[in-house]
Amino acid sequence: MMLSLLIAVPLLGALVVALLPRSEDGRTARYVAVGVSILTLVMSLLLLREFDLEVGGYQLTEQHEWIGAFGVHWALGVNGIGLTMIFLTTVLTPIVLAASWNDKADDPGRTNAYFAWLLALEALAIGVFAATDVFVFYVLFEATLIPLYFLIGGHGTGRRSYAAVKFLIYNLLGGLLMLASIVGLYVLSTQQGGPSFLRADLAGLDMSATTERLLFLGFFIAFAIKAPMWPLHTWLPDAAASATPGTNVMMVSVIDKLGTFGMIIWCLELFPSASEWAAPVVLVLAVVSILYGALLAIGQADLRRLVAMTSVSHFGFIILGVFAFTSTSMAGSVLYMFNHGLTTALLFLVVGMMIARRGSGLIADYGGVQKVAPVLSGVLLLAGLASLSLPGLAPFVSEFLVLVGTFSRSIPLAAAATVGMVLAAVYILLMFQRTMTGPLNERTSTFRDLSPREVGALAPAIVLIIGLGFVPQPLLSVIDPAVDPVIATVGEGDPPQRAPLDLTQQTEGDHE
Amino acid sequence: MLDLSWLLIAIPLAGAALLLTWGKESDAFGHLIATACSAASFVLGAIMFVELLGRDAGDRSVTTSLGTWIDAGHFHVDFAFTFDTLSSLFVLLITGVGTLIHVYSIGYMAHDERRRRFFAYLNLFIAAMLCLVLAADYLVLFLGWEGVGLASYLLIGFWQHKPSAAAAAKKAFVINRVGDLGMALAIMTCFAWFGTSSIAVVNDQIDTVSGTVATALGLLLLWGACGKSAQFPLQAWLLDAMEGPTPVSALIHAATMVTAGVYLVVRSHDVFDASPTARGFVIAVGLITLLAGAWIGCTKDDIKKSLAGSTMSQIGYMMLAAGLGPAGYAFAIFHLLTHGFFKANMFLGAGSVMHGMNDDVDMRRYGALRSAMPITFYTFGIGYLAIIGFPGTSGFFSKDKIIEAALAHNVWVGIGALVGAGVTAFYMTRMMLMTFFGEKRWREQVHPHESPSVMTTPLIVLAALSLFAGVMALGSWIEEWLEPATGHAVHHDPPLPIIVITLIVLLVVAAGVALAWLAYGRQQPAAEAPADSEVSFFTRAGRAELYGNAINDALVVRPVTHLTRALVWGDGKIIDGLVTGSADRIGEISGELRKPQTGFVRSYALMVLGGALVVLLGLLAVTLA
Amino acid sequence: MIGVLPSVAAAGPDIPAVDLDYRQLSPLIAMGAVAMIGLIVEVVVPRRVRFGTQAVVAVLGSIITLGLTVWVYLGLDEIEEGRWPALGSTGADGAVTVDGPGVLTWAMLAIFGALAFLLFAERSFHGGLSDFTGRAADAPGSPGEAEATKARLEHTEVFPLGTFALVGMMLFAVSNDLITMFVALEVLSLPLYVLCGVARRRRLISQEASLKYFLLGAFASAFFLYGAALAYGFAGSVNFTEIDTAVSARGDSGVMLLAAIGLILVGLLFKVGAVPFHSWTPDVYQGAPTAVTGFMAAATKAAAFVAMLRVLFVAFGGSSWDWRPILWVIAVVTMLLGSVVAISQTDVKRMLAYSSVAHAGFILVGLSGAYLGETDGLAISSISAVLFYLLVYGIGSIGAFAIVTVVRDSAGETTHLSKWAGLGKESPWLAGAFAVLMLSFAGIPLTGGFIGKWAVFSAAWAGDAWLLVVIGALCSAIAAYFYVRVIVLMFFTDPVGDGPTVAVAGVATTVVIALTVIATIVLGVVPGPMLDLAQHAGVFVR
Amino acid sequence: MTAFWTLAPVMVLAAMGLIFARKAVHAALCLAVVMISLAMLYAAQDAPFLFAVQIIVYTGAIMMLFLFVLMLVGVEARDSVVETIKGQRAAAAVVGIAFAVLLSTVVAQSVSLAVVGLDGANADGNVHGLATLLFSRYVLAFEFTAALMIVAVIGAMVLAHRERLVPPPTQADLQARRMRDYAESGKHPGNPPTPGVFARHNAVDTPALLPDGTPLPESVPGTLTPRPQGGTEDADRAVAQIEATGPGPDERPATTENPETTEGDDQ
Amino acid sequence: MTEYITLSTLLFSIGAVGVLVRRNAIIVFMCVELMLNATNLAFVSFARQHGNLDGQVAAFFVMVVAAAEVTIGLAIIVSIYRTRRTTSVDDANLLKA
């Protein structure tokens, strides 16, 4: 019941916030929303306590019949991966809500809607991470589009309706392909012993290679759009450039993770051999994403687009780690999802605070901010350094695990991906240089530094980023046991350690 | 006591954290806290060093683990630190020189409103550097490695309001990152072949893998070392890094950070022992950088840049020595230490000069400072003697050893090193002459004065060290001390008797000094630098840093910029264009498809009849086909 | 020629009375009775209260019919056949089959009827007058019309006409022979032709819609009839069961059978608005009074699809591999054309019309899977999938058109989409309701539309038409675009000029909107009972 | 067979007349020919009852209704030769011929040659046989034709019936008004001139001629003057136009009050 | 038998073509009637072929339906004529695209 409760609380909270009477300044809505999100966080911490690391596998499971005719169950349960992602969601939501405190200050009438949608998004995201029935997963996966659609289109800026529609249609297209695949699975499962969408039942289906590959593609394309992976990424910059910081965080840090999460939990487990079949292409695409996203980030003129493109690059790493099929890289990928969530949240929120002050998202409109707003610039730098995976900050651990794991699978791919590290330094530092350093211009000289509330909102993320950089083990010990079964499902498992005096392997082409 | 290595790191780290988070109240005493932290670390390091001294030679390595850092999949890394003979020397150098620089900075940065932050960064740097040298695992080393990069980024760009400083900081970080690429790949290689990245295990088991792997690993490590130590081809950041406050130049670019590469090579000596090819590359890199740095040093009028060129060059010596294998490791470290002293001394001296000259760095505007800044002059002079290898000074011993070993290894390498020594003498003499001798070429309103004692005291201490650090070479102490860490040194006999070599070296140095005196002592250098068109190619190239930036621009920066632009264009026009384009196409098709909806009922009827025809034909076709 | 005449007068044996099961036919009879009562009301009730009385009679009648369908459903015989027992039996000497799917359709039609009649009854927009013209014989804009308005004339006949149409639809859904089906087709069509032409506002286009619908409808029913003739020629009978026997026994290639199937399909596809027989849909949907459009969209489509299912599965089930491929093609073309053309529409009613074309395509996907549920196969058959989809779509479109009636300016309904900009600010609840319905049409989860899509796609896949499912999924994405665009207009766009004025909807319309929206969500969140019901209804009785 | 081969060409030709006749009345006559011929074919095919019904209902009632309406809406109206929709005729010809060829080939191929004949079925008489079917198998359909009829009646009433709202003006009222009009606007109080009676033509849409030979437009009932058709591109605009300009020139004011209107007042 | 049916198909097709080419709504409608008549011929002919009267009953129903349909149809045409003074189906094209 705990998981259902965890979904219900923010959902009910959203409802309450939506139905609250509109107040002059929207304060009540904010307090209620933040309160609900903190309650959810506390509940998720209790969840962590309940979760037994020793046992592994899916825990806290519950299962109720939902649609008898289809064999659909309201089935929830988490393994370490799901738990990590739920934790990410519940941690980020209060941060986002607190940081978005003034987002609707100029339009207090719509504060309720804004905060309600954010809470609803949290609830749906938790549901997706906890679903063990593919139908439930799909329903909630698609349902997340609605809050985001309204958040982008209704509460964004600039070309918001264009961005919202593009976001929705692009994601829906992928979702519908997945729908086709799920229908196929459903028919197959029926033919092989009764309709069921439960992961456990679906994992053992007999399929011809072609069927499996086609079904896999349906899932994978949906997830690749969501993630987003090159070349299906173009909705993200547009959406990010139009959305509020809070929306961006929920979108990129949480909802986009559904893509990579889905790849691990559904693609790999349901279609192991098709995953193996696709892996070479996916790996190459992942590396392309890494480099492409990084290069594009260098070339962006808008802060939010830049952050969006860095995410494309980071998602490349995550996908790389997943499809390298080593327990090291996959554990890295899962950790990466968490860390990227934190980092990008921090980046988007700081950037949002900058934009709120300057009224422009263009990098060229800034300069010298560091002098007047040292705290802000410090936080931006920290977020940037996290984004470029500086050792000592959380993302480094995950990125390195991904690279190390991938390296033992394929040296050229890992080597190419490593170039992303350099490019990351370029885009982050270039952005920092252009916005924070140099002489002040007349528009930035009145810049306010971060207020205590803003610092307070960001502090948890900062603490986590630094803390997990040095002590990632608490999370890894949750993730690691969940990864091994996945790896065991796919192919031959971890590649063996390279044999001593091993000359057959492609020995080093790397001293360029 | 010896298992307190982590505390060495923790103290300055705590200092940094404290200063960064503490508010404005700590402005008044923040620098003192930082200095105290650094000093505490030094004291602790010294005690541990003494304790190590007291142990048997075979027992002089203590590894302590703080616990697991990462354990995922098959990857396991402990937060482990090794305090052994090699790292102990580094600890002393880093904390010692570091503390002196802290002290010096109290004076140098006295008027900077962000001084507290500066000291926080200094502490951060010390912590990172200690982490680097104490690490027992390559990944932990990497943590310090990048931490050093970060600290140097922050310090170089400390005066961020200067666009040049910000750009230089970014450049340093990015080029360092390029080097880190090699480092990261090296660690991955370790993991792939040894299943661990523990330095000890890798060095132990390097014999179990093929030569190719060892070579690759060596080259990757060298690649990393090149980035951090500003060795060819990743040298371009070092000269720009002089944008930072002078203590930073002293700390980072003389004593510590840039030596990390040498440390890495020495630390991984088994890898290089296993691969002569890799060693060959190390020598080549060292030699090229040695000469290039010296060349640049000869042509720069900016005192700090000239010193930076000299640094490159000296580190080239160390690299060269490290590349010589077991014979050279100890000499590399020895030179590293002495260089740490005298170069720090000289950088701080330069800072002192600048302090007196209103932050002017142009040597052509100096002259005759001998009397205006006597302490600075004398300490700087000692450093000068040390670097050119004046007999009896520390530099004499350390550099001589390297040249000998190089000659023993290969005549041409030796000759290269020898030439380097001559050139070093030339440019250092030039610097000396232009700064302290000759006539005043000061700008107006410049009133040179001696720096406060808080700045001169470190100078004096460093000068003393520069002078007397040669004692370490007595009775091959340094070689024996390092033996547990670097293995037993096997010396080859040089082609000439040692005394002859020493004489030749001295002769070459003297020639360099003489030449410099002819060019800059006998006649006054012009107050304005001659334009590029008036100088020889040699000078032009040196001023342009041997076109390193131009080459980088042409080979990397510009292609990447163009690529980025092309990709941004392509992303919008092609990839997104496909998406929006197909959406537009659907819109157009929609417009076309609504045309048959003419509003004429007879057209609709035609559609119905036509449809009926098609349905009939279809049915027949399906069945009869 | 003259020689045969005496036989005209020849006396024969008595004709035995046919045995009708009145319980089974009670909903049909009840609905017919409601229509008749309406006629009597027309005569005896004074004009002042006539409209109200008619409305009450029609709505109550529909609800009573709904109750009777439940009663009938519970009393259906079970026939052990296949995976699910088929329910019901053939009645009236084989003319109708009162079986599970048929009775469910009746219930569905009764619900649609009740909702639509509530919309017919709305009188709050024209100063207490309904949306139907006061005197259809007057030319629009003529003094006569003004005079009629002044005299507060109203065509209360719309209710009997509506109920007659409903009776026709009910018969259509259970007809078991082609002649009954043809008669039912006409009974359902003729009242609609009339209803289309009596809008109060914009009567010019209303009459045009009426003319177009009538001419094309008559044209298409001629095709149906010729198909029936050929089927009769092929089988020697118009009864589905007997046709089925003949089809199963056919030896030769049976080209005449194919021609019969083809022409009958033309007639039925015309009614459901499938491409290329869809061309009347946008024009008629736009021109007809909005309440009537909602009624047509929901009820006609339901009845026609069930009839099509029955014809194809019962009469021509034996040659399903003949007609499946052509239906696949038609399904694809219908989905594509409906979705794509809707994108460039600027009138909300016209857009909904194209959307109905697209939905016809989706339903055809489910239908053309022709999956009847194997013993160990999928739990949902083509029949139950289509039934569920029809219910969801019908409820959604009545709701959507109900909302269209509320958005007005001084000249009546503002159906131009640009006028809908900013509706979300103006009237968030109404816009929210419309958004829910649009999302349901788009097939977003947690709405009924999603479950409907799911059901038809499943049935199609189970019938080996997986490629159709993939194409269907892609078309859904295109279709989603124009639904979403409306939401963009309502919520994310600032109103142009005065923006839409939202009339205060009367109780009837409000109830309809609320019920349809709630039903749409409930069917999305807990579709289980409804699906079970559709499943339980089983297959057609032959 | 004689009957068939005699009638078939006539029927086809008459049917073609439906396509090609310029005047609506000719088309109607052609259709009547087809219908009557069909009746004979029914008779030839052992369907005496249908023979009668075809003559009485179809030709007698339905065709007459057609003709009535034709008279009502202008018997003279003729289709213009110019096709408004581009390519419609050609397309219609192609599709039509293809359809005809396809259908007749299909049917001709598959009609079985064995003819059972109706002797058995008509044993008790054709009417009795039909009645048996009608009241057994098709009783529901038969009942529903009642609904059909009712719908037809209501539909026709709704669309065409105009309820009288004010009592019809008496002769005295009309006379008084005419005089008032004459007093106010000088409008001639007498009957309007009768159309065409003094001209070569006595058709109702031909204006009368004055003694000097000039036509008198008022003599033609307004109903018959074609209503000017503007460019009605957009429904909204057309509606607005009509609502703004009021009724067309023919739409005489107060139609319900003027008994002289030539328009059919269904009272 | 074949010839009756062929005649019927011919008449049906002619009627269909008539619907496509005639502009006068009344004539269009007459063409529809022609199609129905053609159908009746087919029904009656098939009835004779199969030796049962269902076809004739069908034809009878068609006539009844046609009568009702004509009533409604002509009413619609008249009401359009009253408004527009034309019976040309081409003039009724306000609704399009």
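To keep things simple, chains are lettered A, B, C, D and E as they appear, and every chain counts its residues starting from 1.
Following the convention adopted for this analysis, a contact is a pair of C-beta atoms (placed from the backbone, for glycine too) under 8 Å apart; a residue touches a chain by one contact, two chains touch by 3 or more.
Note that the structure is a prediction, hence the values are computed from the model and not measured.
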Contacts shared by chain D with chain E include exactly B, C
Looking at mean CA positions, which chain is nearest the middle of everything shown?
-> A
Which pair wins on C-beta contacts, C-D or C-E?
-> C-D
Please name the chain that ends up farthest from chain B once chain centres are defined by their CA atoms averaged.
-> D
What chain is the most remote from chain A, judged by the mean position of CA atoms in each chain?
-> D
Centre to centre, by mean C-alpha position, how many angstrom separate chain A and chain C?
-> 45
Report the inter-chain centroid distance for chain A and chain B in whole angstrom, where each centroid is the mean of the CA atoms.
-> 36
Between chain B and chain E, the Cα-mean centres are separated in Å by 95
Distance between the CA centroids of chain B and chain D (whole Å) is 101
Taking each residue of chain A in turn, which ones touch at least two of the other chains?
-> 169
Check: chain B positions touching at least 2 other chains come out as 583, 594, 597-603, 605-606, 609-610, 612, 616, 620
Which residues does chain E have that touch at least 2 chains other than itself?
-> 5, 12, 15-16, 19-21, 23, 28-29, 45, 47, 49-50, 52, 54, 57, 61, 65, 68-69, 72, 75-77, 79, 82-84, 89-90, 92-96
All pairs of touching chains, each written as two labels joined by a dash | A-B, A-C, B-C, B-D, B-E, C-D, C-E, D-E
Chain C-facing residues of chain D, complex | 3, 40, 43-44, 46, 48-49, 52, 103, 106-107, 109-111, 122-129, 131-132, 135-141, 144-145, 147-148, 150-152, 154-155, 157-163, 165, 235-236, 238-239, 242-248, 251, 253-256, 266
Which of the residues in chain D come into contact with chain E in the complex?
-> 4, 8, 11-12, 15-16, 18-19, 24, 27-28, 31, 34-35, 38, 41-42, 45-47, 49-50, 53-54, 57-58, 61-62, 65-66, 69-70, 72-74, 77, 79-80, 83-85, 88-89, 91-93, 95-97, 99-100, 103-104, 107-108, 111-122, 126, 129-130, 133-134, 137-138, 141-142, 145, 148-149, 151-153, 155-156, 158-160, 226-227, 229, 232, 234-235, 238, 242, 248, 250, 263
For the chain E and chain C complex, residues of the former touching the latter = 5, 8, 12, 15-16, 19, 25, 28-29, 32, 35-36, 38-39, 42-43, 45-47, 49-50, 52, 54-55, 57-58, 61-62, 65, 68-69, 72-73, 75-77, 79-80, 82-84, 89, 92-96
Considering the complex alone, what residue numbers of chain B touch chain E?
-> 594-595, 597-602, 605-606, 609
Residue numbers on chain B that touch chain C, as the complex places them | 583, 586-587, 589-591, 593-594, 596-597, 599, 601, 603-605, 607-608, 610-612, 614-616, 618-620, 622-624
